[in-house]
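Quick heads-up: structures coming right below.
Here chain A shows up in two complexes: once beside chain B, once beside chain C.
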Partner chain A sequence: MSSLLKITDLHVSVDEKPILKGVSLEIRQGEIHALMGPNGSGKSTLAYTLVGHPKYEVTSGSIEIDGVPLNDLDPCERARLGMFLAFQYPVTIPGVKVADFLRHAVTNIRNPARKEGESLIPMRDFRKELKDRMEELGMDVEFARRYLNEGFSGGEKKRMEILQLAMLQPKFAILDETDSGLDSDAVRVVSEGLRKLAGPQMGVLIITHHERLLEYNVPQFTHVILAGRIVETGDASLAHELHNHGYAAVRQRHPAEAAEEQEHQKVAPKVAAIAK
Partner chain B sequence: MTTDVPVLDDEIGVGDYQYGFHDPTDKYVFKSRRGLDRDIVHQISEMKNEPMWMREFRLEALDLFYSKPMPTWGGDMSELDFQNMFYFVKASQGQEKSWDDVPDDIRKTYDRLGIPEAEKKYLAGVKAQYESEVVYGSLQEDLAKQGVIFTDTDSAVRDYPDLVREYFGTVIPSADNKFAALNSAVWSGGSFIYVPKGVKIEFPLQAYFRINTQNMGQFERTLIIVDEGASVHYVEGCTAPTYSSDSLHSAVVEILVKRGGRCRYTTIQNWSNNVYNLVTKRAKAYGDSLMEWVDGNLGSKLTMKYPAIYLMEPGARGETLSIAFAGKGQHQDAGAKMVHCAPYTSSRVISKSISKDGGRAGYRGLVKATHDAHHCKSNVVCDALILDSHSRSDTYPYIEVNHDNLTIEHEASVSKIAEEQLLYLMSRGMSETEASAMIVTGFIEPLVKELPMEYAVEMNRLIELQMEGSVG
Partner chain C sequence: MLTVTPSRTNAFDADAFEQFIASRREPEWVTDLRRNAFEIYRELLMTELDPEEWKRVDIRAFRPEKFSIPTLTKSVATFDTLLADRAEFAGFITHIDTVSSQPKLDEELARQGVLFGSLSEIVQTHGDILMPHLMTRAVTPDADRFAAWHAAFWTGGTVLYVPRNVQIEKPLHSLIGMATDGAADFSHTLIILEEGASATLLEETASATPTAAGLHVGAVELLLADRSNLCYVQLQNWNDKVWHFAHQAGRVEASASLQWTAGAIGAKLAHIHQEVFLDGKGAAAEVNGVTFASEKQMISYYTQQTHNAPNTRSDLLYKDVVRDHARCVWRGMIKVAIDAQKTDGYQRNDSLLLSETCRVDAIPGLEIEADDVRCTHGATCGQVDEEQLFYCMCRGLRRVEAMHLIVEGFFQRVYDRIPVEIVRETLGQAVEKKLGIS
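Let's turn to the complex of A and B:
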């Protein structure tokens, strides 16, 4: 049976400022969803909320995987239940080698009941697997010995996120603007990488401004978010339309949200910037 | 040491100090009464059957100890009660060459600490000091044949009187500071090492210091002489039982590295949290030699320790790598001193300190150049990592230079574990503890990778233990 990520009427605040105002979404394993929307509409807020960022406070509504509520779980517990976020801005962890980090992560995800200090997956198997995945993504194996994201270019960081996705094989993957800030070659590499990984065992939510990622990974569903609400849902052609014509038509169709969006940006440009 | 620590029994819980057990032994050969006075000093000297010069050296130092005030800087020593300590405890008849001859209770302690096992695997020689004296010693035969001396300092006074008398107290005079004076008065045990010209010792020599008695004062005295073109790596480890009242460890370590010689002195200090660790360490490095201190301070209640290198002749290099970790109730006042006494000398200090659960860790350092020490270079980098809002880090860098013809660089940074870093690691399935430990391990990685593998593993394991049991 395929797993279900179910988001019901989710309200989220940052620093007591409401950002998401009732988001509902269902993603099944094997499906690809696109989430599009103008800056400040709440896309990244949804991403961070799903993985349990402590700054994002759920004021009402629920997130469930197969009926298990995630609201009170920390990011580690959610990851062990199959949630994954490819970060828009992956942080640097100085002194921690990619291989060591991934070996811990892979061990925990595959053995969710593991306690600290219990043994890690065997080095030999892990090394082979890591080498294979890196080669598939066209990455220099030397990266395994580098410190996590330290001195990485924008493209290298994004590829590192995709490598983690490949190693951890989550049930649900959220890609937060994984294609932003990359040149077209890098976008192609990331897009192809994702296409190879996404399959019947993975539900994918692609947050993007661009269309490129979606060309390689055609979404069955496209959602448009405006001022913290999903205002429209369509198929791949909706994504195509938004890419070609922008959000003007969407705003016209949803004047109440468009007004709210304007108000929001006037009152709290700073919060909008955080949510971006 | 391997990653497998001997499994200890129910006294030890996860996240607790692992070496907090004590031996039930009460079969001491000799235990002085509490407190310090001239009679105690006489008694120690008599027990050791020392020559008169050493007894006079001690008594002079005792007067210096009395005459010097307590330092008013550094850590809080107001609860340190000199009259409540035992200054000399002799646990066995003498230094044994086989573990089988070491009294059972004591041998078991070292078994639990994994020393005999480490000795078999990768050490060229071992000294095990229990309370005041060395109870076990070994040295690889081929090294002994090449003239290497590795013995306890008590035996050295008897067996190599000329060598000892020539150098003892010359690097750190008794009058240097109050605790150097105290050590000079009541010293006992410690290592004496002489490496003859051109002899390079490949594997480390290790000394292991253990305090077992409550309110014990341990005052080992180490003297290392590395002759021209010779090299040695000496490693010391320290542990003690956890008691509710305090013990004192106040060592003096003197090192001479002659022309072209090389000495690395590594400390993995893991005293229990009731030990005052007030240690004076100093080396003199002569022409084209290299002296390195690798100083890891993880345990103790209060540590005040600033390993010094006096660069005596052109071409001498000094390097100190310092790691201090202060948890609950701990204050690590660690650092380094580099004194450029000659032109064309260079020094480097890298210090990493970590504080958590209200602990306080700091760097206190001095770079000094005499006025004819031109064309010198010194580079100091200190980084501090603070794990929570009630912990503290201090940096006190002192520079004393009277002319321009030299380069001194000093960089310092203080960082907190960023929420974003924790989130990133946790979102990959790591618990908060595991994620914090990984960030800390990464923070000290540039230093740990300088250590031989076995010690790097040990250091990382100790850091992980320090991190455990702290969250939640």
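Let's turn to the complex of A and C:
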């Protein structure tokens, strides 16, 4: 049976400011969902909340995987249950080699009961697997020896996120503007990479402003978020329409949220930026 | 059943000193050196320690009378050594409670004139070689009270002498151990490289038990003649009941190169006065420090890079991680003499604080008399970044494991500078062990 990520009436505040105001969403393994919305509408907030960033406070509502509530779990426990976020701004971890980092991560994800100090997956198997995945993603295997994201270009960092996705094979992957800030070649590489990885075992939530990622990974569902609420859900054609015509029509159809959005922007121009 | 309590000399007063001298039966020049040093020690005891070096190091709780030099009976003790058995060594020696083992040295090297053994032995057998160097050029008794104390009471330690143009490929290993509660160790490390010689000595200090209190008043002298190359590592890994005071100096002649790595994991309180002198044109020194202090440990360094000749280079990188209630102090200084034009001097200290209650003082400094030099210094100090921890946790690492990974990454930059693989591995594992991972 495929797993279900169920988000019910989620309210989230940052520094006591409400950002999400009742988001409900169900994602099954094997489905691709797109989440679109103007800046400040709460897209990144939803992403960070799902993986458990401590700055995002769930004031009500629930997040569950197959009925197991995630609200009180820390990011590590959520990751071990199959959640994954490809970061919009991946951090640098100086002195920690990509291979060492991933070997720890992969071991923990595959053996969720593991405690620190218990053995890591065998080096030989791990190296081979890592090399194979890197080659599939067109990455120079030398990257494995570099320090995580240190001195990486924007495109290299995003590719590193996709490599981690490939190695960890999560049940649910959230891609937070993985295509932003990249040139069109890099977007193609990332998009193709995701297409290879997303399959019946992975539920994907793609947060994007652009259409390119969605051309390669056609969503069954497109959700539009405005002022912290999902105001519309459609299929791939909705994403297409938003891309071509922007959010003016959405705002017209949802005047209450549009007004709230305007009000909100006066107070806090970019709350989502806190996580950066 | 018979219980033997080791008898000891009583502290370090004049009577004890005379007894000590009598027990040593050393050549006259050595005894003269000791007597001279003892006089200086008595004077310096009455003099205030240099506040610039000592004002951040509180030694009021230090009670020298609690420690004494064990009498020369062979201790039987085992040590968790970090380095031994890890590689093939060209030679090794151990000093336990001041008693030295029979040194082992590759026969071919011995034939080439390499001397490797205990200072107590070699002052007897090759005094002529040691006399010009022993506590005359690098560490002198008048440096401060600890240097004088050491010069009066040194108990042994490792000597390595490498003749002209002899290259020792494999590293040598030296272990300084303390086993008896209340033991005082006054080990002296003396390395003399003649012109064009090269060697690597890996030295470690260790306690036989976690509870035996100890005192180390040590000295390290590294003397590099023209075009010689030395890699020297000292890994201080005492238990946390040991007071560690050391005066350590390297003198580097023309076109010679010193790579010096200091690891500090252990000790209750450690204060190391470490100096490199770039004495000859084109001399170079790289100094690496890896320090990890926890609980109530206090680890302090006073480092000097002194450029006395033109076209010399020094590069110091110290990294410290501090946890619990521990403290680290680093006071660094680059001195450039008026003739030392085209000096390239660098010093940097990075600290990572793992608790709210630990403390780091890092004070770099420059004193430059020449006018055509490049000298850079810097110090950073910070806590583990929460966003880094969050990122690691999102990849399935628990918070503590993530913290440990970040700490190891923090030290990696120093490891990257160390060419000897077993040293990198050993330091890494010592850190892991202290982190409680392995």
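One rule holds in what follows: the second predicted complex is superposed on the first by the 270 of 276 C-alpha atoms of A that agree within 3 Å, B and C clash if a C-alpha of one lies under 4 Å from a C-alpha of the other, contacts with A are read in each partner's own complex, and residues count from 1 in each chain.
One rule holds in what follows: contacts are C-beta pairs under 8 Å (C-beta built on N, C-alpha and C of every residue); 3 or more make two chains touch, one makes a residue touch a chain.
Being a predicted model, the structure only gives us computed values, none of them experimental.
**Q** Label the relationship between chain B and chain C on chain A in the superposed model as either fit or clash.
**A** clash
**Q** Where does A:131 make contact in the superposed view: on chain B (first), on chain C (second), on both, or on neither?
**A** After superposing on A, A:131 lies clear of both chain B and chain C.
**Q** Contact-wise, after the overlay, does A:54 reach chain B, chain C, both or neither (first, second, both, neither)?
**A** After superposing on A, A:54 lies in contact with both chain B and chain C.
**Q** Considering only the touch criterion stated at the top, classify A:93 as touching first (chain B), second (chain C), both, or neither.
**A** Both partners, chain B and chain C.
**Q** Need the overlap of the two footprints on chain A, from chain B and from chain C, as residue ranges.
**A** 51-54, 74-76, 78-80, 83-85, 87, 90-91, 93-96, 100-101, 104-105, 108-109, 112, 116-117, 147, 164, 168
**Q** Applying the document's contact rule, which stretches of chain C touch chain A when the two form their complex?
**A** 385-388, 390-402, 404-406, 408-413, 436-438
**Q** Which of the residues in chain A come into contact with chain B in the complex?
**A** So the residues of chain A in touch with chain B come to 51-55, 74-76, 78-80, 83-85, 87, 90-91, 93-96, 100-101, 104-105, 108-109, 112, 116-117, 147-148, 164, 168.
**Q** Which positions of chain A touch chain C when the two form their complex?
**A** Interface residues on the chain A side: 51-54, 74-76, 78-80, 83-85, 87, 90-96, 100-102, 104-105, 108-109, 112, 115-117, 147, 164, 168.
**Q** Over in the complex, which chain B residues touch chain A? Could you list them?
**A** Going through chain B, the ones touching chain A are 14, 418-421, 423-435, 437-439, 441-446, 464, 468.
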